[in-house]
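Chain nomenclature is as follows: A, B, C and D, assigned in order of appearance, with residue numbering initiated at 1 for each chain independently.
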Amino acid sequence: MKIGVLTGGGDCPGLNAVIRSVVRKGVQEYGFEFVGLRDGWLGALRGTVMPLDIAAVRGILPRGGTILGSSRTNPLKHEDGLRRVQDTLAANGVDALIVIGGEDTLGAATELNRQGVRLVGVPKTIDNDVAGTDYTFGFDTAVGIATEAIDRLHTTAESHMRTLVVEVMGRHSGWIALHAGIAGGANAILVPERPFDVDQVCAWVKNRFKIHYAPIVVAAEGAVPKEGQMILKDRSLDEYGHVRLSGIGEWLAQEIEGRTGTEARTTVLGHVQRGGTPSAFDRWLATRFGLHAVDAVRDGAFGTMVALRGTDIVRVPLDDTRGRIKVVDPSLYDEFEVFFG
Amino acid sequence: MKIGVLTGGGDCPGLNAVIRSVVRKGVQEYGFEFVGLRDGWLGALRGTVMPLDIAAVRGILPRGGTILGSSRTNPLKHEDGLRRVQDTLAANGVDALIVIGGEDTLGAATELNRQGVRLVGVPKTIDNDVAGTDYTFGFDTAVGIATEAIDRLHTTAESHMRTLVVEVMGRHSGWIALHAGIAGGANAILVPERPFDVDQVCAWVKNRFKIHYAPIVVAAEGAVPKEGQMILKDRSLDEYGHVRLSGIGEWLAQEIEGRTGTEARTTVLGHVQRGGTPSAFDRWLATRFGLHAVDAVRDGAFGTMVALRGTDIVRVPLDDTRGRIKVVDPSLYDEFEVFFG
Amino acid sequence: MKIGVLTGGGDCPGLNAVIRSVVRKGVQEYGFEFVGLRDGWLGALRGTVMPLDIAAVRGILPRGGTILGSSRTNPLKHEDGLRRVQDTLAANGVDALIVIGGEDTLGAATELNRQGVRLVGVPKTIDNDVAGTDYTFGFDTAVGIATEAIDRLHTTAESHMRTLVVEVMGRHSGWIALHAGIAGGANAILVPERPFDVDQVCAWVKNRFKIHYAPIVVAAEGAVPKEGQMILKDRSLDEYGHVRLSGIGEWLAQEIEGRTGTEARTTVLGHVQRGGTPSAFDRWLATRFGLHAVDAVRDGAFGTMVALRGTDIVRVPLDDTRGRIKVVDPSLYDEFEVFFG
Amino acid sequence: MKIGVLTGGGDCPGLNAVIRSVVRKGVQEYGFEFVGLRDGWLGALRGTVMPLDIAAVRGILPRGGTILGSSRTNPLKHEDGLRRVQDTLAANGVDALIVIGGEDTLGAATELNRQGVRLVGVPKTIDNDVAGTDYTFGFDTAVGIATEAIDRLHTTAESHMRTLVVEVMGRHSGWIALHAGIAGGANAILVPERPFDVDQVCAWVKNRFKIHYAPIVVAAEGAVPKEGQMILKDRSLDEYGHVRLSGIGEWLAQEIEGRTGTEARTTVLGHVQRGGTPSAFDRWLATRFGLHAVDAVRDGAFGTMVALRGTDIVRVPLDDTRGRIKVVDPSLYDEFEVFFG
């Protein structure tokens, strides 16, 4: 049996660990052959492939990124997408695919599977918002990096008695913000799932200063203020003269300064959250996902993705997760309100 | 209501995070008062207590160890133990206890609860072997430290083409060895749950050298060779002339050298695995355990301990976990055999 | 003898290590007394002081920030500044000051010393640009954090085949950019000391893509393009309609995208570079600076600052360093040009 | 011109960074060719070489260990050693060598150079005890790892109120012990340069307990007690019945327990100190050493080694450093005595 492997979407610590365990188990235990499709679905469209054997995956376990490259290409948005993917598979003698990706990549996989492409999915995203799995790999690494940054910012905030707003990743869900904020001892955590009240945030900030400590506010990049509160003081124009909104972190720091009369600064963590060596947790999870994905292919369990349920790896129909994002439950968020302010 | 808090057994990253969240929620949300019992059950026996209010728990979230001190004292092995504990509680007006500890500390808690002491347990151990919970806090930190050490040892092993045996914590269970070994890309992982065959280990070692890579063997301190294989070449005598066995790591390195004719070295990670700042995962888990333990006290759910089940915190009867240790499942261990050798 | 201690300017890992070693040696060896002036020169103006004994400095060695607080206040820019400082010293029985700060703070110290205030300086700045010393503490920590970030960004850059521009601290000097860029394997390093040619940077970027690797460009925040190259495509207007320039990193990423037709992203490391626990090197240097500063006070060597020369700590007249900044030597910068592109 | 490169002695973080910068500059700037000799002098004896071009050194900057392998072989202790080295050089058309190593490797280099082999030395050792240079690369990484371990051990020591003895590398010199001990806030630091008084150490330990803190004792592996104090309570017999001394750390912990009646534990850091990614400082230093070593070859400055002097890289005659070890100066050690106890 010959299996094609591809990684799609934003890169994520642990991708290489999945690739390695897929190949190690597939070759050593089942005698499968493998081929890598380059740059996600783009390689499937273009027919660009690379050899993928045990020598190719040596030493990649601790390395961030993906040796296969990635892209955000959706094959179904290209003319003849399905046919071109099928041609690539046929030309390379590929019997089945292992597709490692987030919402978008797996969404395309679901559709292609419906149209007859035999494949198994592996969920990945540092944002942790793929439905159907307790955690995705990459998330723990991102939370660790963000927490370490918050630890560092505490000391600089205290020394200058100013608020520090930390903008972390999470456009549609607040998992990184919530986990890193709680782990880092933040005084306010703002997530996309719950529009925030700027006045409440400022009250928390003032309260913190009152007891002679400096506030840390952690905001997911997708966090938004309550309706009516986004006053565009900080508007700026792009080259076409359109209003361009700066990030929520910068906006918030300005609001805090304006409304409380105390100093505030912003740090946008950005891409460092998704790079570098995966944490031990993510290496463990990614490795197990890879082992179980190969088993799923062997069992002909196409149209499923592997998922974490407690401490078990299970199979979940791709259809069940399609178009759904796993967001932060309100009751979980409320669990932590005692730490705000 | 006044609650006593104690931490028992070996120290563990995350203890302070539990104490902090217990006090923050108890005081701010329910108006409880708190008192700390010093050095685990020892303080309960001796009546040594310390004040525990919000000021006392400020800034302790990222700090390893425990501000309350710890000990391995078992109150039930002291004459009048129960009465002395009850006296301490009465003398300090304590209505209920929150007991944070591992197997032994919670075992004593279970017995005291049967005899009428109102208490709620919080499981902790870096070894991850408390029954009834998916994970204990402290474990992720220990695995992270061990994995980073293994990462480092790979380069020195390769440079000198020698085997490195890494002895990690785990007297009764192989959780740290298995997780860190998989995350670190070990070529053999030895756990107490499965007596190992020295010849098999040496075959793996030789196989690894054959492809020009240097082997890493991860051994839990409680790992043992198959019956008959522990030949005491390395016996040494203690001051009374008794045979004293050196650790399994050292023994194994000698065996590998003797049986394969290749160089081997040992590193015993020791206490660094249990110290220092907790990982983000452990801070999150410890914080949630603390919040839910206070809720359990408020609800009068005495005789239970909080536990992780998937992503939920649940309550488990202390009686159910008593005297049981959570060991590595054989099928989980076998999942990874493709990586050995 | 009673000594006042103050920390001024931006906070910097190692400040607490200096304070601790000053107090430990002063009290234990010479029987000096100490008092802390709060928030840099602001405390000297306002007379806000805090007790500073051995208990106060316990456990602060590994902690970032400063227990004394800091500010950018210049006492000489306040009416009656000198007199008010002298009043504070007199009111608290302070015989001499130890002033820990960068260019500005030490500049004020130099002037006050001329006017009769007895003081010894300790140079600090993460930027490493204080004249007269080989290194300042805080710099090594900042370089370490920036290097780790660059390590992480390599993997995400490779996975998506895009340029990553990393903006690091350094308004007037390129020390952090140069050290972190070399340590991180950057393909271009831009420093304030040498205006850069955007076309050259783009040529390097294209060259890197040619060999199928993704470029990392490290830019000090004070780096500037050659005259005429700053075309304001990315102009934006502040609330008064004035053109507001975004940071150099963002500008450069836009230029690279526009001129090469390849993707580019920016990460601004910001405040995380100045927070958190100091590196071992910085703790060592800060501790030695503190020990020698106390000796200088004991010796009556007022008007000097301690400095690192090779592996020795020496005394340098404050006057000699006044108004000078230590910039990157052109020949040092040129040493590394082989790595560009 | 064709240059051979070899790395000898114990591996050390930064070796690959030297190799990379040697090859990058040699090839790109001077058009030199390179060849790697495998496993130190062993490869020179056996004629085992590997190609060394720009592709071979890609991506190795952050990697610990050495891609060339290493050994402790001394060519001059082999019959015909000189001739065999010369034959290897001739057979591969090698005009000159760059020899990266510590005391022993450079000692052999000095002798070979006297006998006509054209070579330039690069000092390396995590121990920092090569004479003639302010620092060697690898040392800063080792100190950083040891300091982080001490940070971790503080919390476990405090929680159990026991002494922790940390044994670090340093057979002949106490540099790692001194730097890491000071950076880690140790209460006693024991170095080979100064035989220690066990009673003094125990007095320090007791003093520390008196103020309710737990002592950390850092001991270089080569530290020895004063004459007469090594009472062999802990003797053990090796397989031939000879007395075998356990390490100084273990011995000391036993003495402290016996003499003070308080608990003590030992951690032997071992090989983790020499593995893994080099610190930013070491990558910087190693890279500069490499660049300057190539310049020395181009200039025909054979018989020299590159060295750090302040912030400059200089050339030092190999003869000057031969047979000398750089030990810790007594006055430097005494600088820190205020922190003991």
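The rule is short, and it goes like this: a contact is a pair of C-beta atoms (placed from the backbone, for glycine too) under 8 Å apart; a residue touches a chain by one contact, two chains touch by 3 or more.
All values derive from a computational prediction rather than experimental measurement.
The chain with its C-alpha centre at the largest distance from the centre of chain A is D. Between the Cα centres of chain B and chain D there is a gap of 34 Å. Inter-chain spacing, taken between the CA centroids of chain A and chain D, is 41 Å.
Among the residues of chain B, those touching two or more other chains are numbered 151. In terms of which chains touch, the assembly is arranged as a closed ring, every chain touching its two neighbours and no others. Residues of chain B that touch chain A in their complex: 21, 24-25, 28-29, 58, 61-62, 134-135, 140, 143-144, 146-147, 151, 179-180, 182-185, 213, 277, 279-281, 283-284, 287-288, 291, 309-311, 335-336, 338-339.
Interface residues of chain C, counted against chain A in their complex, comprise 10-11, 13, 15, 63-66, 69-71, 145, 148-149, 151-161, 164, 233-234, 236-239, 244, 265-272, 274-276.
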